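Scrolling down, you'll hit the structures one after another.
In the two complexes below, chain A is the common chain; its partner is chain B in one and chain C in the other.
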Partner chain A sequence: MSASREADSAGHRLASGGPAPRVHGDRRGWTRGVLGLALVLPPLLVLAFLVILPAISAVVTTLTPAADAVPAAPLANYAEVLGTRILRTGIVFTVIVTLVAVAAVFCLSYPLALYLRFVRTRMAALLGVLFMVPLFVPVVIASFAMITFLVGHGLVSTVLYHLGIERFPRLVYNATGIVLTEVWVSIPFAVLILGAGLQAIDDALIDSARDVGAGPLRTFLAIILPLNAAPTMITLTLLFIAIFGSFTIPYLVGGNAPQMLGVTMTSYLTQYLRRTESATLAVIAFMIASVVGVVYVASVSRRERAAP
Partner chain B sequence: MMTSRKPGIRAVCAALGLALIAFVIGAAGPGAAQSPITLNVYINGDTNIFDLWNKTLLPAFTKRYPQYRANFVPLLHGDGSQGVLDKILAAKQAHKPTDVDLWETDPTYVTQGAPNGLWVKLTTQLIPNLSRVPTDKLRATDYYSMPYRGSSVVIAYNTAFVKTPPKTLDDLLAWIKANPGKFTYCDPNTGGSGQAFMVAVVYKFAPMAQYTGGAPYDPAKEAAWDPAWQMLKSLEPAMYNNGFHPNGNVAVLQLLAQQNVYIAPVWSDMGTDYLKRGLLPKTVKLEQITPPLFGGDSTVTAPAGSTHLEGTFTLLNWLLTSEAQQMVITAVSGYPGVDWKYMPAGVRQQFADVAKPYAPLPDSKYFADMKRLWHERVAGGG
Partner chain C sequence: MARLVLDRLTKRFGAHAAVHDVALDVRDGELMCLLGPSGCGKTTTLRMIGGFVTPDAGDIQIDGVSVVAMPPERRPTAMVFQRYNLWPHMTVAQNVGFGLRLRRLAHAEVDRRITQALELVGLPQSGRKFPHQLSGGEQQRVAVARALVLQPKILLLDEPFSNLDARLRVRMREEVKQLQRTVGITTVFVTHDQEEALTIADRIAVMHQGVLQQVDTPATLYAYPRTLFVADFIGTMNLIGARAHAAPAGTVLSAGPWQLVAAGARWPEGSDVTVAVRPEDVVMAPGGVEVEVRRVVNLGHYLQAVLWCPEIGEVRMFADKGAALGEGQRIAVQPARALAFHGSELVEIGGPMRPAAASPAERR
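Moving on to the complex of A and B:
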C-alpha cells in the first residue's frame, strides 16, 4: 500500500523534471514535449478519424430530414424515432434493464469486495481466484452457458421442479435472462474496481475506529463507505455504460420484443436498411450514456483533487 | 548551363524509371508465377454454408488446382452485404481493382450492381459447364450470377404427434390455432425459415407480384399487409411458449428435436441434413405446402473488377462439375445448381417430397420493411 504511494510520488518527481540543471532543462523539456506528442498522436488520430469524425457525421445525418419528410424540421428524425412506440419502449426497457442489472451487480459485488479485502483466510484467497473466472469466459460462451442453464429443461428449472416449485416465470429470452447474464459477466469487473478502492483505505483508520469502540456496521458506514465513494461512483458509471451498450448478451439471451438498443440499432442498420433511424437511436443512446459519463468524469476529477 | 543540365536530369530520371520498372518486373514476374494466386471468396450464409466452403469445396478446389489459394471471407446471415456492394462499386468508380474475386450473395445485390457494370456476364465460353444449368435460373439475374445450390423453406412435422399434416397454408394456420404451443418460427431478423412463414402470410393477403421481381418501391403499397400482421399477431398466443420466436434457423430445429414443437418451417437443406445426421427424430418429415414457402438458388457472382478473373472462372466451372455438385448435396443437402438430370437417380429420389416449386423472395426494400413491421406489429404488439 505505502509502496504504491511512494512509487506514485516518484512518478510525480520524474514528470516535473527532477533536479536537472536549469540550462539544459528547456531543451530537454522541448524534446520531451515532442516525444510526448509523438506518443500521444497515434491514439489521438485514431480517436479523431475513427470516432469523433464519424460521430459528427452521424449527428449531421440525424439532423438532416429525409427528402420527402412532410415537416422538414431538423429534429424530424428524432420525432419519428421517438414517435415509434416500439422504439420508445425499447429505450425505456434498455434504461430499466441496465439500472436493475447495475443495482444487482453492485449489491452482490460490494460484500464480496469487502470480504476479499478484510478477511484473510484460505477460503477468501480461494474465492478471490474463483470470482475472477467469468472475466476469462468470452461473453458469447457465457451467454450460451446461461441459456442452457436457464431454459425450460435446464438445470435451474430442474432444481426448482425438484424443490416442488412447478410454476415460475421464464428465466431466459426476456429481461430476466439479460439481467442474470449481465450480472454473472460483470461481477469480477465490479469487484476488481471496488476492491482497488478498498485497498487504498488505510488499515490504521479502521483499527483506530475499532479502538474507539465502533462496530463493523458503524465502521463501514462512517469510514469505508465515504472513503470509497469515488471508486464506487466510477464502478457504477462504468457498469452502466457497459451494460447499456451491450449487444451480445441481449441479442442471444433477450426476447423478440422489447429489445435493448444495441440489438435494435443493429436490426435497423443491417436488417431494415434504415441507416438514419439507426444513427438517430445511436445519438439518443449516446446522450443517455453521456449523462452518466458526466458523473464519471466528476468522480474521477474529485478523486484526482483529493489525491495528495 | 541550363540547357546542358536538363538532359542530365532527364537521363537520371530515365535511369531511375528503368530501374524502377526492372525492380517491379523482378518482383512481380518470375516470383509471382511460382507463388499461388489467392482468391478472396466472400460467402453469405449460415454456418453450414461456411463449413461447406471452408471444409469441403475450397480444400477440394485448391487440391485440384494447386495454382490457387482461397481466402474465405464469411458474411454471417448476409450481414455486411451492403458494405461489400459499396466497396465493389467504390472501386469501380475509382477505376481500381476490387479484392472481391467471388461473392455468394442475394439476387437483390446482384440486381443493384448490374446497371453499374460491376459483374461479369457469364457465358458458356467463359464457363463451359454453364450449359448444365437450366437457362431460366440464369435468366433470373440476367446471367450475372450462377446458381450452384438451391434450397427452399418447407414444413417439418413430427408424425408421432401430427397424423394428418397440413397440406396448404390455410390448413397450417388452422392447425396452429387448434394446437397452441406446438408451432413456432424464428424471429425473421435471424433466419430465412422464419422469414418464409412471415412472407407466406403476407403473400396470402397481398399479391406477391407487387413486391417481387424488381417491382418499383412504393411504401404506400405496404398498407395491404395490415391483415397479414393482424393474422400473425392473432397467432402469437398459440406460438410455442406464448409467442416466443427463437433466434435463427438452428434454434427452431432444436425445438423440433426436443419435441417442444411439432411443426415448424425449416430450410429444406438444413432439415434434410439434420435428419441425415440423426439430430432430428426419425418421425420428423419434410413437405412443401401450397402455396409454397419461399426458396431460391444460392448464386455466386464474379465481380468484373477482380484481378484474378481466370481463377474465378476456373472455380465457377469446377463448382458445376458432378464432383462439386455431389459435395454440395452430401454436405448441406442442397438442391443442385445444375439440372436434376445431371444428378444420379438416388439423389433425385431423396428429394422427391421437397424438390417442388417455391415462392420468390420479396425485393430487398420491401423485405426490409416487412421485417421491421413484423417487429413493430407482431412482436412489439403495436
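Moving on to the complex of A and C:
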C-alpha cells in the first residue's frame, strides 16, 4: 500500500518536475508511520514493562552471585540450584510427569478426534458435546473432584475393592494423581485443536486414498497423520507448555515430594523467601519451555507457508 | 473390458429418497454421463458405484459380479473427484504411485507405470513437482493419471472440470474424451452441464429428483425426450399449455392460436396437454399465426428471436443469421414439429395442421 503510494507520488513528481510532491509524499508516509506506531505502542509497552524488563532483571539476578558466595562465578546460582538434590529431582520429575501426561492426553484425544470427525451417529453427536465439559469446569473444582474420586475411600477405590482388587498403587497425592487430573482437564483442548485440523482435511483426499486401495489404517498413516502434522505439533507443544507450567493441579493433587516446578517456585518465592533460587528455577523452566516453543513456532510457520 | 449394471438402486437420506430405483446398464467401453440439476442424485449414484455410499436397496454388478458389499479399496473402480484430488504432502509421482506401492509392485515396475501414466495425460515432466505447483487443469490431469494407473475396470468422474474456467473446461473435456477412447475404459461421468454431457457422452442418463428419466444417445435425447422434464432440461424448449379435443383424425390440440393434430393420441375431451416445441422448429410460414418480434439476439451462427404470441406469451425461435427479423416486426409462424405430453403419455406431432383447416369455426 505505502509502496504504491510512493510510486504514485514519484510519477507525479516526474510529471510536474518540482520537488514539492516529494515532501508531500514523505509527510503522508510519516503520518502513517506514527499512526501505526501509536496502534502498536500500548501492547508493546505492556509487554516491555510487565514481561520483558522483569524477565531481564530476573535473569540478571540469577547471574549475580550472592555476596557470601565463595566462588564468585556468574553461574554460581545455577550450580547451586542444580546441585541441590531435591531441586534437581524436581526438574526431572516435572519433565517426566509432563511428558507422560502429554502422551496420555494425545493417545486418548486423537482417537476421540478421529471418531468425532468420521462417525455420524447419535452417539458421536452426544460425545461431541460431552467431551467439552471439562473445559467449563474451573481447574480448582476439577482438582478437588479428582481427589474425592481417587482417594482411599473414593469411588475408584470402592469399585476396585468390590472387584476383589485390594492392593493397588495410590492414585492421588502423587504423580499418578497429577497425570490423571491433567489428562482430564486437557482432553477438550487437545480434541478441539486436533479435530479442527482433521476437519480441514477434505473428504475427497481421504476418499481418494480408499479409492486407490488403502484400508482405514493405511489411510490414517499415509494421508491423515501427515496432513494433520502441523495441528498435531501445535497440540503437543501447547499441551507440554501448559502442563509443564501448571500450578493448581500439582499443588492440590500432587504429593509433598517430589514436587513440580510450579509448586516449588511458588514455595521458594512466597514461603522460603528465597527470591534468587526461585528466579533461577524460573529461568531453567523457561529454557526448557523455549525449546518446545521453537518447535511450536516452526510448526505454525510451516502451516502458514503450506496454506494456499 | 467391463460392463457395469445398476439394478434398482435406492438410497435414502432420512425420509428423502436421494436415489430411487435407478436401473442402468453401461456397456463395455462406453462413456455414460449422469446428467441432472444439483440434488438430483447423480453424485450419490456415482459414490454408490465407487463404494463411498452404501445403497439401501438394489445391486451393483461389474462384469456380472456384485460389488455392493465391497469397501471402496477393494472395488475395481477409480474415481476422479471435483477437487482436492491430490494429496498435498506428496509429489505428483508419489500421488500417482501410491496405489501401486500399496500393491507391493517392484520399484522399477512402479516407476515405469508412473512415467507411462503421466505421459498419457501429457505431463511427463511433472513427477517431481508438488500439487500446489500445478495449475487446476494439470492437477485434474494428474488425478486422471492416478485413477488410470491402477488399470481399473470402471472410471468414475465426479464433475471433474467444474472448478476450471470455461475455456479450459472445454479443452479438458475433449482431452478426456480422447483419452477414454484411447484407453477404451468404461466410464461414468457426472455433470450438471448439459453441453458437457452432449459433447462427450456416448449415452446420457438424465436424472431428476432421484429418478432416472431417460437413457439415450445425445441426439435421441435432444430429438425425442421421453418426459416433460427431459424436454425442458435438454436444450431450449418452448412449453405451451394446450387442450385436447376429439376429432376424426385423432386428437386435436388447441395450443393458443395453433391447432395441432396428435394423430396417435386418444385423449379425453378437454384434458390438459403440454406441447413442447424446439425454437428451431418454429418456422415462418405464410399461413401461420401472426406474432410480434419482441427481441432479436445475435448468437453468432444463428439468431434467437423472442416472439410475443397471442394467448401464449413468449415463444423462442431460432432463425438463420441472414433472416430479416427486426424488433417490433409482425411475422406469421407455425411449429413444424412438436411433442405433446399428457401425463406419462407422449405423442409426436410431425407437422401442424393449417390453422384455418383444423377448425374453421374457432379460427375465424
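Everything that follows uses one rule, which is that the second predicted complex is superposed on the first by the 268 of 308 C-alpha atoms of A that agree within 3 Å, B and C clash if a C-alpha of one lies under 4 Å from a C-alpha of the other, contacts with A are read in each partner's own complex, and residues count from 1 in each chain.
The definition used in the following text is that a contact is a pair of C-beta atoms (placed from the backbone, for glycine too) under 8 Å apart; a residue touches a chain by one contact, two chains touch by 3 or more.
Quick caveat, the model's predicted, so the values are computed rather than measured.
S.K.: State whether chain B and chain C clash or fit side by side on chain A once the two structures are superposed.
M.R.: Fit.
S.K.: Of the partners chain B and chain C, which touch A:Ile223 in the superposed model: first, second, both, neither?
M.R.: A:Ile223 contacts chain C only, not chain B.
S.K.: First (chain B), second (chain C), both or neither: which does A:Asp211 touch?
M.R.: second
S.K.: I'd like to know which partner A:Ala298 touches here: chain B for first, chain C for second, both or neither.
M.R.: It touches nothing on chain B or chain C.
S.K.: If we overlay the two complexes on their shared chain A, which of chain B and chain C does A:Thr89 touch? Say first, second, both or neither.
M.R.: first
S.K.: Touching A:Leu135 in the superposition: chain B (first), chain C (second), both, neither?
M.R.: neither
S.K.: Looking at A:Leu44 after the superposition, I want to know if it touches chain B, chain C, both of them or none. Which is it: first, second, both, neither?
M.R.: Neither chain B nor chain C is touched by A:Leu44.
S.K.: So, A:Arg274: does it touch chain B (first), chain C (second), both, or neither?
M.R.: So A:Arg274 only meets chain B here.
S.K.: Enter the shortest inter-chain Cα distance between chain B and chain C once the structures share a common frame, rounded to whole Å.
M.R.: Nearest C-alpha atoms of the two chains are 50 Å apart.
S.K.: Which chain A residues come up in both lists, the one for chain B and the one for chain C?
M.R.: Shared contact residues on chain A: none.
S.K.: Residues of chain A touching chain C in their complex?
M.R.: Touch list, chain A to chain C: 202, 204-205, 207-215, 218, 222-223, 226-227, 229, 306, 308.
S.K.: In their complex, what parts of chain B are in touch with chain A?
M.R.: On the chain B side, the touching residues are 79-80, 82, 187, 189, 241, 243-247, 258, 260, 364-365, 368-369, 371-372, 375-376, 379-382.
S.K.: Could you pull out which chain A residues touch chain B in their complex?
M.R.: By the definition above, chain A touches chain B via 84-86, 89, 152-153, 170, 173, 251-252, 255-258, 267-268, 270-274.
S.K.: Please give the residue numbers of chain C that touch chain A in the complex, ascending.
M.R.: For this pair, the touching residues of chain C are 50-52, 71-74, 77-79, 81-85, 87-89, 98-99, 102-103, 132, 143, 146-147, 150.
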